[in-house]
Amino acid sequence: MTNTDVASPSLSIRYFAWMREHTGSSMERVPLPDGVSCVGDLVPHLTAISAGHALALKNLQAVRVAVNRNYGDLDTPVADGDEVAFFPPVTGG
Amino acid sequence: MAVRVQTEDFDAGAETRALQDDTVGAIALFIGTVRGLRSDDGVTAMTLEHYPGMTESELERIENEARARWPLEDVTIIHRVGRLFPGDQIVLVATSSAHRKAAFDATEFIMDFLKTDAPFWKAEERDGETSWVEARKSDDDARERWDVDEAATGKS
Amino acid sequence: MAVRVQTEDFDAGAETRALQDDTVGAIALFIGTVRGLRSDDGVTAMTLEHYPGMTESELERIENEARARWPLEDVTIIHRVGRLFPGDQIVLVATSSAHRKAAFDATEFIMDFLKTDAPFWKAEERDGETSWVEARKSDDDARERWDVDEAATGKS
Amino acid sequence: MTNTDVASPSLSIRYFAWMREHTGSSMERVPLPDGVSCVGDLVPHLTAISAGHALALKNLQAVRVAVNRNYGDLDTPVADGDEVAFFPPVTGG
């Protein structure tokens, strides 16, 4: 397949529970910044978006990460088109 | 394989009848409900949020882990989302097996992992104020127990 | 206190709704059913006999022992007697608690003691022949386990 | 209350499952024999009733005993008016 899609590389970012309330959005599309190869690389770019984003991602130890709907961590690789989610420890059941 | 995330209520009778089968023998079931005003909690309502897509895949992964550990005939996992009130049913887990101990253990295993791994979040209302429920250490401990058992008993 | 010995069928939905309460949080339930032709057993029917009066007092004693060990809100024990067929429900045990682990453990405890202590006897029919079911060592072992746990964990 | 009941001391004996089939009765009233103070003392008097009774009570290790609807054993005391039950290990649930 030849690549005729010239759109810039991007990621879908999702937030849940109180992180969603802080960021003010449950899903946002962000360009994949140069030099970002894992979730940890991505975080400074997200905290720069707004004070609410900075607040949501302030304490990364309290945050769980999923990439493409599988649990990951700050070392999990990210690439164009991935869905990256940040959320607090879960409380269902 | 039956994993359902829904706003509607469910009926334990209908769910156990669906698991009843000539070969089964044992059905173990768990229901979690909303504790309310008369308990110490003082909760008047709660709202359950989840991560559509990931919720279902996590629940299916947990079901598959249980099936790998115990000889199960069938598994049902139902979790409600949206606004719920004290006394309402939240979650149902049911497993069927030829063996009673397998059904008990698998149902408890699924609940323990659902609590720590399935992406649901509860916001509780008290006196008109809404607050997000914090994860509990005791739930992490309940999950850890299964790995300890695995090492101690050679259960696979 | 709800112990019932009856010929009629029961409904898990009605029984769990009866246990649902503002203060409960967790309901664990077990249903035992008749395994049949399609299983290895080849059973076409069974008849359950019991010792009226002693059955009820044994089940109440087992319930009280469970209540002494775990913080339970309520307990339901239903056991059918008479002629039953493959797929039929035989026994239901349900417990409610504020704590999930208490409900799971108490339900399993009650089933384990019911199996070894409650005076019921099953006669099974296969190919037109009737034979009395023999007690199983595995059921005695399941009961013993609780005393072992008690010594090992200081559970009281 | 003065004792105006002059009936002889007796026991109710109950059998269940295959023991009931062997003895041919689920409940029988027997006089309390002289010198019988516990379940073990009673057994020879019961096995003498019929060949079926002897068969039912042949292997006492396979038999469970209840007196007045509480589990007992061969040493459990019996007295006038008691209900003594013999049955195989239970198989409910």
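A, B, C and D are the chain letters, set down in written order, and residue numbers restart from 1 in every chain.
Criterion: a contact is a pair of C-beta atoms (placed from the backbone, for glycine too) under 8 Å apart; a residue touches a chain by one contact, two chains touch by 3 or more.
As the structure is a computational prediction, the values presented were derived from the model and not from experiment.
Centres computed as Cα averages put subunit B at a distance of 49 Å from subunit D.
Chain centres here are Cα means. That of subunit A falls 76 Å from that of subunit D. Averaged Cα coordinates give subunit B a centre that lies 22 Å from the centre of subunit C. For the pair subunit A and subunit B, the distance between mean C-alpha positions equals 27 Å. Multi-chain contact residues of subunit C (touching two or more other chains): 32, 111. Looking at subunit D, no residue sits in touch with two or more other chains. If each chain is drawn as a node and touching chains are joined, the picture is a simple open line. By the definition of touch given earlier, these chain pairs are in contact: A-B, B-C, C-D. Taken in their complex, subunit C has these residues touching subunit B: 11-16, 20-33, 35-39, 86-87, 89, 98, 100-101, 103-104, 107-108, 111, 142. Contacts from subunit C toward subunit D in the complex involve residues 32, 48-51, 53-54, 57, 79, 90-91, 111, 114-123, 132-136, 139. Remark: subunit D residues 14, 16-18, 20, 66, 69-71, 85, 87-93 touch subunit C in the complex.
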